[in-house]
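In order of appearance the chains are A, B, C, D and E, and numbering begins at 1 in each one.
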Amino acid sequence: MPKHKRERKKRIGQRIATGFALLIYLFIYAPIAVMIVFSFNDQETNYFWNGFTLRWYEKLFYDSSIVEYLWVSLIIAVSATILSVIIGTLGAVGLVRFEFKLKKLVNQSLYIPIVIPEIVLGISLLILFDFIKLPLGFIAIILAHVTFCVPFVIIIMRGRLAGLDLSVEEASMDLGANRMTTFFRITLPMLLPGIISGAFMSFTLSIDDVIISNFVAGPYSTTLPVKILSLVKTGLSPEVNALATIMILVMLFGILANSIVQAVLRKRASTVIKSYF
Amino acid sequence: MMGDAIVTLLDVDKFFGANHVIKKLNLTVQQGEFLTLLGPSGCGKTTILRMIAGFEDASAGSIEVQGERVEDKEAFERDVNTVFQSYALFPHMTVFDNIAYGLTVKRVPKQEIKERVKEMLALVQLEGFEGRRPDMMSGGQKQRVAIARALINNPKVLLLDEPLGALDLKLRKQMQLELKRLQKKLNITFIYVTHDQEEAMTMSDRIAVINNGILEQIDTPKEIYKHPKTRFVADFIGESNILEGQVLDCQDGLCRIQLETGMVLLQSPNRKPADPVMICVRPEVMKYERSPVDGFSLPGTIKDIIFVGAQYRTLIVLENGMEIKVNRVKPEKDLKEGDSVYLYWEPEDALGIGDLKQGGSVNEQQ
Amino acid sequence: MMGDAIVTLLDVDKFFGANHVIKKLNLTVQQGEFLTLLGPSGCGKTTILRMIAGFEDASAGSIEVQGERVEDKEAFERDVNTVFQSYALFPHMTVFDNIAYGLTVKRVPKQEIKERVKEMLALVQLEGFEGRRPDMMSGGQKQRVAIARALINNPKVLLLDEPLGALDLKLRKQMQLELKRLQKKLNITFIYVTHDQEEAMTMSDRIAVINNGILEQIDTPKEIYKHPKTRFVADFIGESNILEGQVLDCQDGLCRIQLETGMVLLQSPNRKPADPVMICVRPEVMKYERSPVDGFSLPGTIKDIIFVGAQYRTLIVLENGMEIKVNRVKPEKDLKEGDSVYLYWEPEDALGIGDLKQGGSVNEQQ
Amino acid sequence: MNSSDTVKINSRLTKRRHFKRNTAPALAMAGPVTFWMLFFVLLPLLYVIFISFMSRDLYGGIAFEFTTENYTNMLKPVYLNVIWQSIKLAFFTTLICLLIGYPFAYYIARKPSKVAAKLLMLIMIPFWTNSLVRLYSLGLLAAPKGFINIVLQKLGLISEPLQMLHTNGIVVVGLLISMLPFAVLPLYASIEKLDKSYLEASSDLGARPAVTFWKVTVPLTLPGIVASIILVFIPSLGMYYVPETLGGGKIMLIGNLIRNQFLVTRNWPFGASLSILLILITLFMLWFYTRVARLDELEVF
Amino acid sequence: GGAAEEEATPGELNVYMWSEYMSESVVQGFEEEFNIKVNFSYMNSSEEATAKLTSGGGDQYDLVMPCDADMTALINGGHLAEMNLDNIPNFANLGEAYKYREFDPENKYAMPYLMNYVYVIYNPETCPIEITKYQDLFSPELKGQISSITGIRNLFPIALVALGYDPNSSVESEIAEAYEWLKGYMANVKVLSSDDTEQAIVSGECSVALVFDGQAGRAFEAVPGLKVADLSDPIQLGVDELVIPANAKNKENAELFLNYLLDAEVMAENLIANPYTCPNVEAIKLTEDSYKLNPAINIPQHMKDNYFLQLDVGEAATVYDEYWTMLLSEQ
């Protein structure tokens, strides 16, 4: 029992905050829990709980193309995220820092991919790719995803950049670091929380996209969400849940592996790196 | 010791919006010189340093560093380093990384960096702080990191904006000595901002006194102190009692001056009778007795005697209400508040403001 | 003038991680008192202020403000205001809004706020800056806004962390007077951090000297200066020459002390023969002659004479290589570097470190 | 070499340096995004604008005859109503996302950076499955024979299943869990940089936490708030699938209206013009928002 | 070309269609028999597939599966390749009603694959009335009891039929009447949904549902007591067509595949995994009882015969759209 009023108040405040956060997580995770539970449902279509089965996983296990869809989705999402974060981060800094003729136009055009319905963006990108003879498929999907991820990254980044004290950039250049070095060693670390947010956002948008992917996809570039949505149309089968569950597990596994690798690397490195994972 | 001009400001003006902050500034700094900028808060010292460093563009005029216009080179291409008034330490780096930064970007070998950072840490007395982040340090510690970070690069020109302001007296004195030693040893040109007048006096080759964006005087410390050109300089540098009067007559460099409260003497080059004159008498050379002395003396009353550490300050009020400060190492034991005294000084101790210094050399003023 | 204890620190410890920053600190500040914390950079002054303000929790011990434990009240509930070392001005507000903030949140009528902010702006000499944002101001200007922002609330306790550090000498003196005037007029308790010893000496009722988280001495400025309890205090406060020796004999409060380089005299309460003793002689009372004087004198050689503004500092090297500082208003005209001199002092001018002051009162040390 | 040559070389040198100093970095940083926006957004947009002035041919192709009919057409009360409904829903969504997202982002941002990154990832992970599957699962959860009802019935709290599915309540929850990251991520990025010393100063000056929040925290994190409003409001304008799947589907928003034009009615010109309208509404709102809220200086736009 | 040649360079066939809509064994059989690799991409909706074809995204594929309602637009827009019926002798296996249809009189473009009816199912235990015609759905007793499919081109024809008009009418006054009818219908509808319409009747939330037969099939499996309403009004039939995009690279392979699919035995096998209504009459003859007696497919013959198709309504589409928008935005 804490002794003092302020401390007690603080504790109570913290409990409320933690409780609130837990509630939010509960809200977000409840559907996921249901999704996972129903992936074991013994029913052709998910209506209610009808008993436990593993047959949906068995079915997917024998379907070799699942691995392919997963790979395609992940590679696309990761590439689109990396590209968007690079273009977006550079762009956000550039748009805040420099004055140039097209700046206003670019600034306003950022909102277009966010506001325009996916259908319209999908169709117009398809027409563009057709026009420039870019073969549909992998590359096209990545380009399309980058197109709608970049604005999100930039808007998040600008929220981060605004009012951020970047006088340390001057200090860096003063110490002989050129702009590039300054950007990588000073600006970037200070923007890191924005970059992380932007990356999460891009990855999420990309991994969840169906409509635009569908328009610019080619024969060998079916992503998992496209496959899932196509399945949904012929019945809400637990197989869909199983697929989505596998998808999330694979990604969780990836994160876990990544953090283990990083932990090992960090142990080896002598200097302390501010790591976010 | 000193060579050619290494920093030149020519007719520099600076506006922030409608705010005219620097006004037609001309300034030449010699290779290897230690130049101090002195002036009231907000007079433009930081702005001048920032323009020299190339972070701020002059609104008019030109600035050259090492013979090249600052606009033509990027900050990182020049051999100029800065100790920022607000430190501007990299918040995400440790003390070690902060100090090593300049060397790291120059790709100095790791081992050498380690050694030089160690040296620097010893210099600023922060051994053992290598692994700290700036937000875990005290104000003075941060300031020392900022100094070390700039100093480690052995730049040609070092700009220091109140680099010792957050340090205690003792440490400050030590750092002054170290800075001066390094400056001489490595022949670095220092452009230094400080509010500590003793610091300015002891360390500088020359002092530039700035007031409201205008260069009032630039000269050696002694000359600035002994021969202030303007009332502002006399008043701003050191403590002073400034008396206004008119010349009665002059003979052999000794003038009789009529003040409101009496006649006084001043050693000065000839002045025309009836000329207005301002006399500056430093508190440490002002004298007083219980009874009028030969020559001249101004009657006054002791208002207060304050202990200020190394000395006692006596405030004496003249008949016209003006307050005169007198500093003494020990208080006159038999004097107390309310006593009447007579003020006087040795004529050669009083300064006539604006008097040309003897054998004066040319300086940069317009 | 002073009343009851308003701030009490009892056996306070503070750790930052494994870092023991404040060590068993006991301190009582009286209502209406002007207490200055003095100590080297990083000794824990800011930490003490932050604990009193309630921003940092003590690791052990208790802190009471106005009779209530700081842990029991939120910062906003207490009548304590702070001038932060790093200013912490609200970057999104104008100078006016920054200064008015405390009154605004107390819902003081608009008109009154306007008037009081105007008064404050005049006090800190920033009239006309109402509409500026902090990032458009110089360091000293920001500092003044920080002062005004805290002062306008007329708090019971005001914590000031190097509040005048970025101001020039002249302005600093004016602000010192103003602060002191307000403190007396409004009977505010000031807990003040400064590195300017003259400031500490002239303004404080008492000075607490902190070293490395430990309270070394707390006393009036004069006592601290004249009767330092520890070598650290003697060395840290003012300039000093500290000589170590052994008592030969004492008679009527006059001791003969054997140093490495000779015998000297010290006025001191009786000490036992052969006791080790440290003598502190301030540079301004150290004397020297070309030939040995009566009583005692230490032979030395002039190493350097430096002009430091109001005075000349002469460095004299003793036979054992120790450097002695002597300050003079004017240099002895006929002395120059390399000359041999004999050092001496009036026995009553030398301080025996750790001597109990005459009629000493009880103080808070453990 | 004569002096005019030197001058020429000098000026060329100056120009090159000037290029190096300003143009090169600007090009390197803003170049890619400028190219991307011009090529992948504005170029296709030109096409959309172009067809918005064409008309539908008999079988749903594009007849290349200029007309402004598409724009006059959307002034019909039906369509204005759809637009109004969409704005209302987007506004509502933004409001709840912000109200819930801000304290949540604040909570995360005050954690040490490593923990914060993990907490952030925890919100994102659910979004790495298909959003539609998630919505259906939410539906299953809230269904009359769903988990919640069964538990409540087993506990004896209710006798009849609660009607949760196809109500506004579940739509709100659906919207919230679909859009929350869009609110939280920019807020986090902005709150993270909030310097604690300003909060201390405010508290020191006698401001209660609520006052500190409104007068210091909110203004200083305004860029993040603005970004999150943009990122929630704008996509919400076109978002129809949450109310459609959870709310019973009897809804027409600008998102499914445009979708219908492109896919069902195959009236691409009209769909294009509606898309242009959507863009114009967005730009107008942003303009209005910046002017009224005086956010011009924020560098967010 | 001979078989040897084919062995040397295995062919390829890119199909863009629904997922889980074609038996894997059938595909494998084709791949083995012709040494052609069939590569599937999956679509999300017929409309999107159509939009993709019309925007030039069809070159990638050799076979695409839009539905019959979109055929007119695709054919008139020139987005489809003509097929050579000579290469598809199994064409003969199709029921006469599904050949040479209005939108494709020479049957050059579209080959029907599987079909779906739209009809009403109900839960006899909870449904308060007997439903024999669309007008019955108007009954106030059904308030909030109907789960319905959605979409302009699904609901308007039903309304028009209910009113006795041509389901593909382009007369504005008739459409307006249909709109009024639908308004009344909507008052009883609780859930409008295109993908999981049957969910509400299975969960017991609704007692009546207007569904596709595929959805009905799933519902029957979960709740065996559900019944198909015996409607006297014509019911809607939708057909999933297989078409070859105009610039398809492997047109021959596509035709080969179409012919293979139309083989009665192959299709009969396919129907085991995909028990949907099928236009291949020869195949149906070969099917087992599990298919023939499937309650979702085995509906009264008079209903099966009394069907109507969605046809392109030309310029009236925009009229429909406006009324539809009005209908939904008023809810």
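Keep this in mind: contacts are C-beta pairs under 8 Å (C-beta built on N, C-alpha and C of every residue); 3 or more make two chains touch, one makes a residue touch a chain.
For clarity, every value in this text was computed on a predicted model and none was experimentally measured.
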Chains contacting each of subunit A and subunit E, listed by label: D
Farthest chain (mean CA position) relative to subunit C: E
Leading chain pair when contacts are tallied as C-beta pairs: A-D
Whole-Å separation of chain centres (CA-atom averages), subunit B against subunit D: 56
Rounded Å distance, subunit D centre to subunit E centre (Cα mean): 36
Distance from the mean Cα position of subunit D to that of subunit A, given in whole angstrom: 15
Multi-partner residues of subunit C (each touching 2 or more other chains): 74, 86, 91-92
Junction residues of subunit D, two or more chains touched: 136, 143, 145, 220, 262-263
For subunit A, residues contacting two or more additional chains: 47-48, 119, 123, 127, 163, 179, 210, 229, 232, 236, 274
Residues of subunit E that touch subunit A when the two form their complex: 14, 16, 18-21, 39-45, 48, 51-52, 55-57, 60-61, 195-196, 198-199, 202-203, 214-215, 218, 221-222
Contact footprint of subunit B on subunit C as seen in their complex: 16, 38-42, 45-46, 85-86, 136-141, 143-144, 161-162, 165-172, 195-198, 201-202, 221-222, 225, 235-239, 282-285, 306-311, 327, 329-330
Subunit A contact footprint on subunit D (complex, rising order): 22, 25-26, 28-34, 36-38, 40-45, 47-48, 100, 103-104, 107-108, 113-114, 116-138, 140-141, 143, 145-147, 173, 176-177, 180-182, 185-190, 192-193, 220, 223-224, 226-228, 230-231, 234-235, 237-238, 255, 258-259, 262-263, 271-272, 275, 278-279, 282-283, 286, 298-301
Subunit A residues within the subunit B interface of the complex: 167-168, 170-179, 181-182, 185-186, 189-190, 271-272, 274
Residues of subunit D that touch subunit C when the two form their complex: 195, 197-198, 200-209, 211-212, 215-216, 219-220, 222
